[in-house]
Amino acid sequence: MVFGMIKLFNVYKNFGPKNPAIVDLSLNIEKGEFVFITGPSGAGKTTLLKIIFCSERPTSGNALVNGININRIKEKQLAFLRRKIGVVFQDFKLLPNRTVFNNVSLCLEISGVQYPIIRKKVHQTLRQLGLSKKERYYPPQLSGGEQQRVAIARAIINNPSILLADEPTGNLDPEITIEIMALLEEIHQRGTTVLVATHSQELLKDTEKKIVTLNKGRIVK
Amino acid sequence: MKTSFIKYFFRQALTNISDNRTAHLLGVGTIAIAFLIFNSFILAYVNINHWADEMGKSLTMTIYFKGQPQEIEVEELKSELINIQGVTINKFVSKEEAIRSLAKELGDKEGFLKGLNENPLPASLEIVFLKADREDPLPYNIKKRLEKMDIVDEVHYSEEWAGKIEAIMGAIKLIGSVLGGLLFLATLFIITNTIKLTVFARENEIEILRLVGATNVFIKAPFLIEGSIQGLLGGLLALIMLLAGYVTVMIRADFKIGFASLDIVFISPHIAVFLLLMSMIIGLLGSSIALGRFFKA
Amino acid sequence: MVFGMIKLFNVYKNFGPKNPAIVDLSLNIEKGEFVFITGPSGAGKTTLLKIIFCSERPTSGNALVNGININRIKEKQLAFLRRKIGVVFQDFKLLPNRTVFNNVSLCLEISGVQYPIIRKKVHQTLRQLGLSKKERYYPPQLSGGEQQRVAIARAIINNPSILLADEPTGNLDPEITIEIMALLEEIHQRGTTVLVATHSQELLKDTEKKIVTLNKGRIVK
Amino acid sequence: MKTSFIKYFFRQALTNISDNRTAHLLGVGTIAIAFLIFNSFILAYVNINHWADEMGKSLTMTIYFKGQPQEIEVEELKSELINIQGVTINKFVSKEEAIRSLAKELGDKEGFLKGLNENPLPASLEIVFLKADREDPLPYNIKKRLEKMDIVDEVHYSEEWAGKIEAIMGAIKLIGSVLGGLLFLATLFIITNTIKLTVFARENEIEILRLVGATNVFIKAPFLIEGSIQGLLGGLLALIMLLAGYVTVMIRADFKIGFASLDIVFISPHIAVFLLLMSMIIGLLGSSIALGRFFKA
């Protein structure tokens, strides 16, 4: 049996008895796919990404990510799996007391990359996202859109196998949005499996990518 | 462990300290005060021990003379004794001096001395054995030699008294250890709590680090280093305050018990280094305990 | 001389010497107007709203809000001015350790409104925003869009004279976006001065409202 | 101030406490330990004072008899004295007992008593004035009456000694106040720091409250109430621990100085209430100081 990059079998996630966020969800995403996840507010998009990222455990059902059963993952394994997954959180989750540079370099430092290489890579990524001038700023000193781009930079810095982007352009203007989508496409071309959760009809309008639509925790399309 | 990690850990610990300067200073201050209380106790304990030791070690011997001894005989004896290693002459008490000091001791019962037709008190010479202990044979040898002399009536050696001092010292040590132990626990509690509070304030930071795939060691190490530094700084500050207090007191005051003026000693460098190390270890323990709850299975 | 509701005279705001966020901006917004503020990421939209809201002071220039010169405002006056201004912050700024109900009721409690009235008003507002079921949740338990709606609820609960909404639909799906915009229109009809900062071309497409476009801190249109 | 505000303040304070339960408990624990150290000191101080008072208040008078008094005479005198309010008989010492105890006191100088041809020590009767002080005229009146009696030789009243006790008590009070003051400052510092750390962790909350137009009073009040509660709980816990320690010690041990067994008293309810009030005020002060920096112009 050949597993995909991300494979969910009848996954349920309940926050409390009357509060199902994910209901009987099965999904198979192959290595190198680019998938949009959409659906109304509260549909369960973020929860789905959290399950893949192992920051929430499914109430029942199984999930395989990169060949690992996330129900049985161990502490140390989890850290290593997470290094292979880049995530743009909907609320960014930047460290407010570290500079933009340090927020981004963090993901390389935890893997023990040497400082000269870190410097080079961080500079390059920040330049790609138009943040070169903001390198020494702290997140609270940035505009919403700038923070979002720092979150994107952090997610892509170490060439993850999987990229999870939760509403990555919610705070960005149309021009930058186009640039970001091009960047995600480029990363996808290099072989990364990409999942983008979004409301934006703009993004979905002319795409040929696979679209998963959620509603009340179920896949409706 | 790669050296780049170790560099990162220390750099991050220092960055954290400077980022959370106020909280860090509050922590160091609290730790310092807690240690100051503990260290003051240690200082008091060291000094009481020191005094007890001094007293215990200066065993005295009193030589009672027959009748009224000639001054020249006494001087001869004195110079003979003074040549013996470890012996000092304390004082010679003539018959007259003896009765005068007895009158003083008796206080309101002094009246009865009027009933005496002659002075029954002997003249005596008190000598001190420095650093002797109860097993030292020297005092016993000297005692034997003195008792054979014509002018000497009796020789009393304060052996029994030394036993008492030792017992008192033992009690002080016991009580001190118990009190010190309790105070140590209190200090430990205050310090770990203080560090816990500073770590809790950064729960969010720990959570984000885990989300980007940092291992436990990677997350913990800077906190542990930070805690050690905090403990060390607190301990250092406490020692400095203690020293300052000690110097102030020494300049102003002159301590006496009876007529003997007491010298107050500062804690020895060994103990100081030990206290510093201990404060560092407590800081380390404190942050380690504080981190514990974030790393449960 | 008659003042508008919001009047800015040659306002500058520099964060550091080489970091101007607002440059020589003059603006006059009359009572009861509805204005969109748009422009690329980092243009200064949020900073402009912050100046109006007195959470940043202008580096130079003057600003009058509701007839009060915000350069000379006093502590107590400031609190009372803020109660007349409802704000939807770009990053929501909800209190994570208070329930949805308490986050929203807060704005009435600080004015000493009686509890029965608070209850009624909060329930009504949460219903309008489709959050009735989430009343007892804490913000971290909500989806991004739900949090954004709580922020909106808090901003409108005490019928402010001025409503400042910073990217209020960034995390909302098209349907809810339409509902929210209708709600803002309704509040505007009741006489509230409304300022909405947004990137969304959807929102701006067919509107007849006044649009202020910023770029690098200057009004460009 | 509307009552709805006051209700809100208390409700919010309690909510905050239960929301930040761990930090709150850590704070209360730290405060309790800090107070425990301080309260233990107060307890020790209260007891030393108590002992000194006891000793100071039991003034003694010694009646020396002429020659060997008749037993019946002594008994008569005793029964006469015992009827006077505030007077107790301590003991009668015959001439023989007097010389025996002198021999004991003299220790190694006892030998000189052999030189005596008759017992020069008088028989004596010691009486105690309970709760007397130096101004009380009763002892002086009794002294005068006794001195007129035939069988009585001299009467010594321990007035001087009482003066000494008072001086010692004064010294203890002074040293105690200084030490207690320093310890109080240390406690205050630890407690305010602890509360500061818990407040700092909620900087964000304070900021958001200001943004929605809350006045300073509105923001501060719940924190101040919370701090007071924290202080009060800490103080209460410290008192309970102290009481538990006191009871444990009382059950196990029997304290003696010489032959008089000492009763250890617990701090009085008045002082206990005072300490509780003080801990509450310190909590209030601590949070007030901690909030200070968020409300600067």
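Lettered A, B, C and D in written order, each chain numbered from 1.
We adopt the following convention: contacts are C-beta pairs under 8 Å (C-beta built on N, C-alpha and C of every residue); 3 or more make two chains touch, one makes a residue touch a chain.
Since this is a predicted model, take the numbers as computed values, not measurements.
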Subunit A and subunit D have mean C-alpha positions lying a whole-number Å distance apart equal to 67
Averaging C-alpha coordinates per chain, one finds the centres of subunit A and subunit C separated by a number of Å equal to 29
Taking each chain's mean CA coordinate, subunit C and subunit D are separated, in whole Å, by 62
Multi-chain contacts in subunit A, i.e. residues touching at least two other chains, fall at none
Contact graph of the chains (line, ring, star, complete, other): ring
Full set of chain pairs in contact is A-B, A-C, B-D, C-D
The residues of subunit D that touch subunit B in their complex are 22-23, 26-27, 29-30, 33-34, 36-37, 62, 102, 108-109, 111-118, 120-122, 154, 156, 183, 186, 189-190, 193-194, 196-198, 200-201
The residues of subunit A that touch subunit C in their complex are 15, 38-42, 45-46, 90-91, 141, 143-146, 149, 166-167, 170-176, 199, 201-202
So, in the complex, the side of subunit B touching subunit A is made of residues 2, 4-5, 8, 15, 19-20, 205, 208-216, 218, 297
So, in the complex, the side of subunit C touching subunit D is made of residues 53, 55, 75-76, 79-83, 85, 87, 89, 93-95, 97-98, 106-107, 109-110, 112-115, 154
